[in-house]
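Presented below are the structures under discussion, each in the form of structure tokens.
Two complexes, one shared chain (chain A), two partners (chain B, chain C).
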Partner chain A sequence: MTDIPLATAEAAVAGTDTGRRAAPYLPMPRTAARAATLAGAVISIASTFMSWTYTTDFPGDLTVSGYPGGLQIMTLIAAILTGVVALGAFGTPGLRWLNPSRSPNSVLLLALATLGTTWYTVIDIAAKLGGFANLDPGGFVAFIGALVLFAGALGLPIDRRPQEPAGAEYYELGRFEKYAAVVRTYVWLREARLHHSDLRVADARKLNPWLQRLVIVVVYALGLKILTFGLATDYSDIFIGYLIVVAVGFWGLGASGLLKQFQQLTHRNRRFSATVGVIAAIAYPFVQNNEHWANLGVSVLIVGTVALGLNIVVGLTGLLDLGYVAFLGVGAYAAALVSGSQFSIWSGVQFPFWAAAITGMVAACVFGVLIGAPTLRLRGDYLAIVTLGFGEIFRIVVRNLDGVSGPKITNGPNGIAQIPDLSVFGYNLGDNHSMGSFTLGRFANYYLLMLLITVIVVLVFTRAADSRIGRSWIAIREDETAATAMGINGFRVKLVAFALGASLAGLAGTVFAHVTNSVVPDPYQFSGPVPPNSAFLLAAVVLGGMGTVSGPILGAALLYVIPEKLDFLSKYELFAFGLALVLIMRFRPEGIIPNRRRQLEFHEDEELAPGNRPMGDDTVPAATAGA
Partner chain B sequence: MTTTIPQQPTPASAGPKQALLEASGVIMRFGGLTAVRDVSLTVNGGEIVGLIGPNGAGKTTFFNCLTGLYVPTEGTVSYRGTVLPPKPHLVTQAGIARTFQNIRLFANMTVLENVLVGRHTRTREGLFSAIVRGPGFHRAERASRERAMELLEFTGLAAKADHLARNLPYGEQRKLEIARALASEPGLLLLDEPTAGMNPQETRATEELVFAIRDQGIAVLVIEHDMRFIFNLCDRVAVLVQGEKLVEGSSEVVQNDERVIAAYLGEPFEGTPQSAPEAAPADAPESAPAGAPDDDEAPENDEQQENDK
Partner chain C sequence: MHTLPQQLANGLFIGSMYGLIAIGYTMVYGIVQLINFAHGEIYMTGAFGALAVYTNLPDGMSIWAALPLMLAGGAIVAVLIAVGAERLAYRPLRNAPRLAPLITAIGLSLALQQAVFLWYPHATAGKHFPQLPGDGFDIGSVSVAPGDIFLVVAAVVCMSALATFVRTSRTGRAMQATAQDPDTAQLMGIDTNRIIVIAFAIGGLFAAVAGLASGLKYGQIKYDMGFQAGLKAFTAAVLGGIGNIYGAMLGGVVLGIAESCASAYISNIPGMQQLGGEGWKNVWAFVLLIIVLLLRPQGLLGERVADRA
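Let's turn to the complex of A and B:
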């Protein structure tokens, strides 16, 4: 009668065939496969100490023997990781903890990371310098080593989907079902899928509590190191190698179960890990003592914070807002007007930062209520269209308030320039400040200020999400009719979400105005090549994971940093965005960092295997949306 | 299942014979279609009233008029003497809770969170208090959770408090809907086909649950196609046919009413041999809907969804 019994019936059917089989992709004796894997790892490691090319023309100096540099470091790290995880998978005493699930899948994925980065390097050298003749023997050794490693890993008993039943019919292929070759390929692909998400791992929460905290600190420090290393890469070639290793490597570590164990630890020591995370974030401008990267950091924090505000509206309440960046603009313009800039119509007025921040928040909140009150009676697509319209109206109005087309408030397209730097408790954020051996430049100061605001927004988000009002937001997202029948005043609750999201964007906007020194109408559009636009923010939320705290921040960071580092991408940036979103929606609809709830929603058939209930379901209450 | 409902101070508990809900002259038209035609119905305190009728008779539409999901074209609905505004959240606030014919849980929230959402009208904590998290917030949150757990124990779902609602089996989803409705501390509970799709044991359990709710002093108005369930349960039964109330009265009166039988089985042929005039009416209402108990009132659902937009 309804879809619910059907859904349970489907789950029951799906639950019956969630077996797993362990079979190699390349049939070879087990010892041979293990030997090839380890030998490949050793060869790859050794190759990085050799010279890969004759000339220093290739980015990063790969000509030095005995000292890995540039992309060789990527191969070195990936190969070492593959080697030790492989030893763990083979049960070597003392290294087993590196592969808690004992699945060779992690070895295969890490080998893939090694192969990817090594071959990318070798081919890139050949392409950039004109032919394989430019390779030194070391390059060939690396090429072969990575291949041997990957071939060996393919020979390991990989955990994957069970064999398709004989004579099964594949209606989803439609008219292609006639062609035997297509069906064979399809079956092969289905059988080739890795299957390790439900492998059991030892419970990390049984460790000594102090050891748990030590592990958290070490992992966060490593994370900071990895992050700063990636940001400090000078060439897009090296950054691509880095991306391959990090992305595939994380996938591999997920297969090994290490990430699951780390999640258990952070979940157990939630407050402690949050504190360590903040400390790591504070440490960033000190570790990366360079104004350019501090600038990148503050930009990422701003777009991340705004994306988090959008997440309240889109992720929690389920209102698709396509004009959200307007609220950032309102906050920025409000702050600029009271900043004391000589281009402001109130050039004599200079508010202290706290007052400017409140002004920006209140202005954005008022604007949010004004836009929300008439539009929030609409549902779904209608709301999306109307918010899109209002977002564009904001930009056009601001362009026209120049004294010619309308009253002179915003100086039209010229914007408000020369916004003076902030001063907080006599600490001028525009100056360099020396702290011991570190120098905090202008952007580092703003980074720290923005970090404070991000922490506030994260607190507001988590606390609001786990409360009466947050539950009513989620209820409205799930089923608005049922929610109103439970006594929730849908309009009011939605308006609160809309206004809160707008205020948080306005707060971020006040800092944004000061960081960029000037505000102009152009960035506040629906979509464009410069980051703070509505499409970018929405993409950050969807890519990172709707309804989570870390998702939108991570999504914003990726979307901001990757185009920044890959300069050749600049022409195709929007295309790449679209492609990334389509791929994410197809293969990981819950986003990079899944909300526990949404993960259950999308992967029910995999997770509901009898006896394999996911930990989010019945062992830990999914109380906070951002857990 | 426990049959002791947790004691809860009901606001101004109505006397047993005092009229709780009074719908008078409710008319609901959708364009040219009159779905509900001048229906009046009274539910007294402590009473279980049944509402039956063939598919498409307008039962769910009438329910939607009572709970404010539809604005009746004409007529008024009053609760404890005050006329209800046609807004669902104000109706719930006043003390009328409902369940839905096609289960409408918050599928991706946990069982406990579903019940906590039901507590919405009985708690006051707003956004500011959620962000500041003063002692009052923690106290209210703890009280809400305790009350929600009591209700889950009452409905036998306490062990599954942390499961996602969508992962519950069908019968338990129905129970959870009732628990969620009870969380708003209603004086009157409206159940829309609570046993649809249930097996006899589950139906029996639901019957006990409804009695236990009644014993708590909560009046119940229930739509159902299962005649045995209705006639076991209800003090009074009203029959809707084609939007009009045909008859209202005790089980016997309704069971023996020829118009009801005609509505379910059709008019007898002219000259049909009247072989067993006594046996037929007794069985008729029971067997008629049993043939297609799951065949829901499709046109009504469509209307409802249209209206939701």
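Let's turn to the complex of A and C:
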């Protein structure tokens, strides 16, 4: 591949920024650090062609010499990536485009990914098979290689947070501030933090426009490949290795500035990249011709879409809705009642899909207004607790409406079963359909329908966010008093957001009822073992990034897929959600994909030098909205 | 059994429990304007702390001797968790946007509940809780169990102690000052951080008392008991006027009575025959909350109109 001449002009800039600080974690000569990094990468790569263990008892068969297999592939990919990015960071001609920010931080993080996945594998072998005696020489080579690589990376001049000014106060230490040792440790820890978000990268928008589009297509294809590879992993050990590589690796690519450049590209070619994204999503059931994955896909789309709807309420308007899943339930029950199921009290009634969808939306909207109208006049905290109560009450009421402890509407805990499959324009979604050499099964059909709904919700979200009312939402979120003073009718605007969020959940609920064939009260509660519950949705929005389009979908996908692949974790899922909410709010309130404005809001006290715009999803553009 | 005095008494008993928990909400809210969603779970951990002490006591110990120890155990657990949550989770977010501490609180509530579910021995189902000896007795047409007596006595003692503390002690007056205006209070030399910690601690203590009392009353505690109790207690706090400690107790009692009367008498109303009974109790409590927010958002004893900011 040719060197994309992006980075060349940038070489001189990195050093001139004021307040920059670069220092290695392990002091060693520059050449030694570089040599160790490259040698470590080479040793790690070589080790994957050797045998790591004697027996085939460890999943994935790591006994073969000559070519890598199972978890060795993870080490191989991570080590190659680290090696080439390191070469880019060292200024090797032809590879510089791999590390546009020229920061060794990306090398360190990728080395961490290599170390993580390699050591995880080696220690997992020792733990599963009973001791390090089960390792072949290849395993030891890999262990050492990853260590050398990481140690070398630690010796590189890592970009860190700028030094605190002398006499800075650390009010978060409270009364420990009196103890010099505590303060020193704290300052040391603060300054040990990586800091690369403000590194300049060459503007990718200067590329040839067709090359830009090519890059977008290639990256999306790679993304789809990575995603399907992860889903296709057939045992949990390799999935953990994969997760380590992907998560830390993405972090590393972020540090290298590649993600920033890619964001510049997608931002410039918005319509094109959205189209490519949708095409990639449509391609998913065709490339993964398997009902299990189609089922996974439709579930992820449903929770993702619902999380996106919740994001209008939580992310854009700043209202904490803790009973959001109840609106999904209202939509699902409304759709089930008019679906023609024999267990519905109106079993003779069978609405066409469009009418059922509207019924679900209207029903959810009515409940949204009923709940929102009394509470939205008050402080936001009241809404949180009232919606929490509503979510609980919804389940109780639905349970009670069984004809014994209440009027017969919902069949109580038994729910409404045997909901017939949808039929859209004569296309029955329950049947298999052949298209050329592809067969679309039931879940693949629903996946495509749900994708359509996701696209609608995304459009509603972005169009609303860009509109007058969307700007009012953001204004209210940031300062309601000021917004009201500027003439925004806070109550009405909030009610619109709340009702819109509820209707979108209702829409998703109508499909959800048909996909699962039945509706029962249990999924619609605040916290529960199966998604979608309100805690899950909130965690998805917060983890992904409040106020963005891609954030909640990514968050929902992660939270859905990871416990699905690592079933031994499912017991701890809710605990992890709770802990994650606390930790994210403390350390990264803007989520994985930060909304640019939101990030500034959360980090008001931390200085952001002018011109150093933080990286972020710009789905809610500030000044460029009209462009 | 279904006489009016009996329903009123039932409402009073359960309402005292809601009131005890509601104190924690209302004190914290009055000072830092934060709804501590995790408070229901603090009540739950208080009950489990008391049970843990009881299970480790020597066999054959009289329940009356064990009671103070159980109370101490529950109180230590609940207060530690409440204060720890304040220090580690809420304090760093004090200047963050409003949404942040709310999300933290909800996360904390989930984590605490699941922690007990996962790591307290055999807590996945309900745990048996020791009972006070002696049978129930009748006062007129009202039958009362020993657990109910404990609950009412505990509520009265706690309430009067708190009222005296807040009104007369130096710290109590500092609390009032902080609730009125934290910045000015700080200028007057009050360590507001300490006051906030004390508010959380008192909330935790009262929640532990309520947890112990609820175990004694129902004979069973469960990891998820904090969720509904927390919702009810919050309703009680709003009903009485959030920020007002007397209001919290009054709101608890009113809510308790409304609930027990609703489950007993709603079914007598023509057209609503099927909407009474235990199953609908929570629904009516929720309807009451909505009505209060609609008609009198400042609550029964609240003087300030709820802030709109």
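Note that the second predicted complex is superposed on the first by the 562 of 627 C-alpha atoms of A that agree within 3 Å, B and C clash if a C-alpha of one lies under 4 Å from a C-alpha of the other, contacts with A are read in each partner's own complex, and residues count from 1 in each chain.
What we mean here is this: a contact is a pair of C-beta atoms (placed from the backbone, for glycine too) under 8 Å apart; a residue touches a chain by one contact, two chains touch by 3 or more.
Fair warning: this is a prediction, and the values are worked out from it, not measured in the lab.
Participant: Who does A:S472 touch here: chain B (first), chain C (second), both, or neither?
Facilitator: So A:S472 only meets chain B here.
Participant: Figure out whether A:S405 sits in contact with chain B (first) or chain C (second), or with both, or with neither.
Facilitator: It touches chain C, and chain B stays clear.
Participant: Of the two partner chains, chain B (first) and chain C (second), which one does A:T481 touch, if any: first, second, both, or neither?
Facilitator: both
Participant: Looking at A:M435 after the superposition, I want to know if it touches chain B, chain C, both of them or none. Which is it: first, second, both, neither?
Facilitator: After superposition on chain A, A:M435 lies in contact with neither partner.
Participant: Given the superposition on chain A, which partner contacts more residues in chain A: chain B or chain C?
Facilitator: Counted on chain A, the partner with more touching residues turns out to be C.
Participant: For A:V496, select first, second, both or neither according to whether it touches chain B, chain C, the two together, or no partner.
Facilitator: The answer is first: A:V496 touches chain B but not chain C.
Participant: Would you sort A:A166 into first (chain B), second (chain C), both or neither based on which partner it touches?
Facilitator: The answer is neither, since A:A166 touches no partner chain.
Participant: Considering only touches as defined above, state whether A:V460 meets chain B (first), chain C (second), both or neither.
Facilitator: It touches chain B, and chain C stays clear.
Participant: After the superposition on A, what does A:V542 contact: first (chain B), second (chain C), both or neither?
Facilitator: A:V542 sits against chain C, while chain B stays out of touch.
Participant: Quick one: classify A:L320 as touching chain B (first), chain C (second), both or neither.
Facilitator: second
Participant: Jot down the residues of chain A that show up as touching in both complexes, chain B in one and chain C in the other.
Facilitator: Residues 379, 478, 480-481, 484, 490, 601 of chain A touch both chain B and chain C.
Participant: List the residues on chain A that touch chain C in their complex, please.
Facilitator: Residues 172, 174, 314, 318, 320, 322, 371, 374-375, 377-382, 384-386, 388-390, 392-393, 396-397, 399-400, 405-407, 477-478, 480-481, 484, 490, 526-527, 535, 538-539, 542, 546, 571-572, 574-575, 577-582, 585-586, 589, 601-602, 605.
Participant: Once bound in the complex, which stretches of chain B touch chain A?
Facilitator: 67, 69, 87-89, 92-93, 97-98, 100, 102-110, 112-113, 116-121, 123, 125-127, 129-131, 133, 137, 140-141, 144, 160-164, 166-167, 169-170, 173, 180-181, 184, 196-197, 294, 296, 308-309
Participant: Chain A touches which residues of chain C in the complex?
Facilitator: That would be residues 33-35, 37, 87, 89, 91-93, 95-104, 106-115, 117-118, 193, 227-228, 231, 234-235, 238, 274-275, 277, 279-280, 282-283, 286, 289-290, 293-294, 297, 306-309 of chain C.
Participant: Over in the complex, which chain A residues touch chain B? Could you list them?
Facilitator: 1-2, 4-5, 7-8, 11, 379, 459-460, 463-464, 467-472, 474-475, 478-490, 496, 500, 597-598, 600-601, 604, 608, 617-618, 620-623
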